[in-house]
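Chains here go by letter, A, B, C and D, matching the order in which they are written, and residues are numbered from 1 within each.
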C-alpha cells in the first residue's frame, strides 16, 4: 500500500539555536520512500544524519536568532510490512540474541524495567508463548491505563504510568517496553505516521523482538497496525523525539497527516483470526 | 605503560541461566592487549560479542543449573592514552557533533539530564571554556557528594545523588554525565580497571566529548586518571554492567587487581600544572 | 492594622459531592476577626469545623448533583502579629520541644526532610544562630528557585524543587519546611491572604519554631511579612489545601483580594535593620 | 486477655543526643496497663510525653556523649479489644467524619494516596460494603506483595511498594493506608507488640475508620489480629517510629517479646466465619 504522509511544524527561535528533527519516514526493506520533500521557510541548509544504528533519519539545522521557522515534510511511502506467522514468533533465548539487540534489554530513561521485575513476572510471567505474553501486556495496558491527553508530561515514565494509570501513546509505549524488558524480551520505541489515527498526530507504539524479528505492538489500539509509516525506533522517547531543540525555541503549530494513496486498506489489529505479527524492518 | 589486570568472580547458578560478562579490556587505538586469558571453571564454551558501537567486549555463557562457577580474567595491557592540549578541548557545537555522539546528549536510566537543566545552568552554565566547565562539575561533585560504600543501590540515579549527596564511583559518574548532558555536552559512562585504586575494585568514571575527543574525568579523585584500563563505555551503568545475569544467580566473590608491569608511573590528576585532557580511545 | 480580605470561588459539581473549604481567616491571639460573612449560592447549609489542633477553620458542605456553586467569603481582620526580638529566637533543644511541636520535625508528603539531611547540613548546618539559619534557607531558595507559574503541579514536592529549581509559593514553602526539619528545626506550612501580593491570590509560606514561637518566613519575598492574614497551618499543603473536593468537581473561578482597611502599613521584610521575627499566633 | 510484653534496645551514643522512644503500650479504653517498668542503664532521667492526639506515649532522654545505653521496657497489659459486628462497619460519609479524623484522608510521607486514585478505584472502587473493600485491599496486598526482609529501607513508600511488590510489615501497612485514603476511607498506621509473630519483633499494621470506629487490619496476615498490644497510631511510620534519634546514634540490639500471661487465646483472622471487626481504641 502507498501512503501520503506529511507534517508541518512552526517554531519561533529567539536566540541562535540548533534544531534536530526526526520526522522523515525511515528507509527499510519493508518501507520504500517513493517521493519526498522537505521545505524550510526561510531557507536553511539542512544536513541529513543517519542515527547510530540506522534507526532514524535526523535532519539538523542551525537557525538564526529571531526566526519564525516553518518546516514542511511530505512523502509518498510504499509500506510493505512483513506478516510473520505467530508460530514463528518465539522468544529468542538470551544466549542467541544478536549483540545489537542486547541493548534493548537494558532499562532506559522512561522504561525502568529494573523496577518492574516482580510486577511483570506476576502478571505475565506464566503466559506462553512469547507472542501471547506481549499481547497480554498490551491488553493489560489497554484495559487499565486511561488514554487522557494532558495527563502526563515529558518527564513521565513507565514507572509512573504503571501506577497512575493515565497517559498518551508515548506513555503506553513506554510501559509496554518496560514490561517486555522486565521479562527479558527485547523491546524498543517506535514512532511514526499512522493512518486512521484520530485526531491525526505523530504516533508512538513499540516493537518487541520475537522469532528474530522486530514485531510491532500498540497498547493504545487507536489505529490499525498495518497503517503505520515508521519514522524511527530507539530505546525510548529520549532517542526518538520528533524534534530536539538546543536553544530558546517555541513550537507553535504541529500538523500531521497520513492518507492512503493507493491500494486497498484492510485494517489489522491482532486477534485470534489474524495469526500474524507485523514487522516494519 | 603496561599493566597486569585481573578479575576473578564466583557465582552460584541455581537454575540454568545466561551470564553476560563485561570484564575484558577493550581494544582501542589507545589500548593494546598484549596477552589475555579467560578461565572458566567448570569449563563452559563462551562467545565473545562486540557490543553495538564497539564500546564493550561482552562474553556470554549458558550455564547449567546447580553450578558453582569461577571466572578468571587476566590481561597484560599496553596503555597508550592520548594527552591532548586543554586549548584544543573546546565545546563542539551541536550542529557539528557526529551522529553517533548525539545519542550521548539524551537522558538515560541513571542520568536524567532532562530534570537537571536549571541546576546545571545555574551552577556551571557561565563557566568557560568547556573543559573548565566539566572540571568544575567534577570538583563540585567531589566537594559535595560523600563517598560512602553501601549508601546507594542499583536503582540509585543522578537525580537522587544530586540531592542525597552520598554514593559510590558509579553514582559520582552518573551525576557527572547527567550534568554535562544538561549543558549540551555529550557524556558517557566509563568502566575499567584502575591502578592505585584503594580498595582494589572495578572503577567507574566518565568521558565528556570535547574538541572531538572523548576525554576522561573522575569526580571521585580516588585514582590517577592515567592508570585506567578501559573495559567499556555506554550511556550509563545500564549499558556497562560488569555482569548481566539472566536467571537465578548468586555472586559470591569479586576480586579485582591492577598492577604496573612495565614503565614508570607518574600519577596524573587534572590541575593547573597539567594542561592536558586524557583520552582512552 | 485592619484588612479587608475576600475570596470568591466557583465550582461546578457534577455528582453529589462533599466540599471542604479552608478559606476562613483563623482566630488566634494575634488575629481578630471583626466581621465575617460567607455566602453560598445556591444556599447550602454549612458546618464549621475546627481542625485537629485548631490550626484551620474548615467549612464543609454536601452539594447536590449538577450544581453551579458560588462561594464568597469576606472578612475584616485585625492583624496584631507579634514582633519578637531576633535575639530571643534561639533554637529550642529537641529535649525541650512541646509534644505538639515534635510532629513538625517529621517528614511529610511534600516535605521529605529525611532525604535532605546531607544537603541541608552542608549548606546551612554551620550557620548560627537559628534565626539566621532559617533566613539563609529562605535566601538560598529565593536566589536559586525560579518563581514560574505552571512549572509544577499538585504532586510536586520539596525533593523535586530542590533539584528542578522552579515552582510557585507552595513549592517555595515546602522546600523551606523540608530544609528546616532536616536541620531539626520544627517547621510548618502557612496559608493566608496576603496584602500587596501581585497578582492577588492565596499565598503560602512557612513558620519555623524558634524561641518557643512560630515565626513566619517567606522564601518568595513576593509580599511583606506583616501583610499576612493567616488561614491555616499544617504539615504541608496536604493539610492546608484551600479546598478538598470529594466527588466530581470543576473549579472555574478563583478571585482573592486583600486590602488595607485601617492603619498605616509599613512593609516588613527581614533584613539587618529589622531585628525582629514575626508571629501570627 | 493479659499479655506480658517487653522490648530491650541498646544504643551507642557518640555525641550528646536526644532519644525519643515510642515503645510504651498505649493506654486506651480497650487496653489497660496493669504493670509497667522502664529501665535505663546507665540511669537517665526520662520524661513521658503524650503525643498530640494521645496516639502515642513518647519517652524522651538527653544522653551524654560516649554512652552505651540499654533500655528495657516491660509491661503487663490487659487487652480488651472491641469486637464490632461487620454490619455496623459502614463507610462514614465525608460530611459526617469528625474533624480529627479528616486528617487521615490526606496523603502523607509514605502514603501518597494522591497518586493512587485510579489504581485504587479500578481495583477496589466497586467493592461494597466498605469493610469488604478494605478486606479486599489487604487480600490484594497479601497476594501480590512479597514479604521480604531487607528488600526496602526507611525511604520506601506505598508508591514504591505498589509497583515493586516486595517489603516488610511497615510497607504492607503503608500501602493499605494509601489505598484506603485514595478511596476516601480514613486510615492510619498502627504499631504494636504482636503475639505469635515470628520472628518476634515490633509489628506494624493499619486502622481504617469504619462505622465510627478505628478497625485494625493487617495485610501481612503474619499474626492474629487479637494478639496486638497497641503502641501508637499516626499518619504513617514518620509519626510512629519506635525511636527518633537526634544525634549520632548506633542501634546495636533490638529484642522484642510478647507472651500470653493469662486467659485463653483463640487466634482471630478476618474471614467469613468471623463476622466482626476489631478495635483497640
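In this text, a residue touches a chain if its C-beta (ideal position, glycine included) is under 8 Å from a C-beta of that chain, and two chains touch if they have at least 3 such contacts.
Quantities reported herein were computed from a predicted structural model and do not represent experimental measurements.
Novice: Which chains sit in contact with both members of the pair subunit B and subunit C?
Specialist: Touching subunit B and subunit C alike: no chains returned.
Novice: Over half of the interface residue numbers used by both subunit A and subunit D, so same, or under half, so different?
Specialist: The interface of subunit A with subunit D is built from mostly shared positions.
Novice: CA centre of subunit A versus CA centre of subunit C: separation in Å?
Specialist: Computed value for the inter-centroid distance: 45 Å.
Novice: Go ahead and note the Å separation of the Cα centroids belonging to subunit A and subunit D.
Specialist: Computed from C-alpha means, the inter-chain centre distance equals 47 Å.
Novice: If you average the CA atoms of subunit A and of subunit B, how many Å lie between those two points?
Specialist: That gives a centre separation of 30 Å.
Novice: Hey, what residues on subunit B touch two or more of the other chains?
Specialist: 115
Novice: Among line, ring, star, complete and other, which one matches the pattern of chain touches?
Specialist: ring
Novice: Subunit C touches which residues of subunit B in the complex?
Specialist: Of all residues in subunit B, those touching subunit C are 115-116, 118-119, 122, 144, 146, 159, 162-166.
Novice: Considering the complex alone, what residue numbers of subunit D touch subunit C?
Specialist: 18, 20, 47, 49-53, 58, 60-62, 93-95, 99-100, 102-103, 105-109, 112, 114-115, 154-155, 184, 235, 238-239, 244, 246
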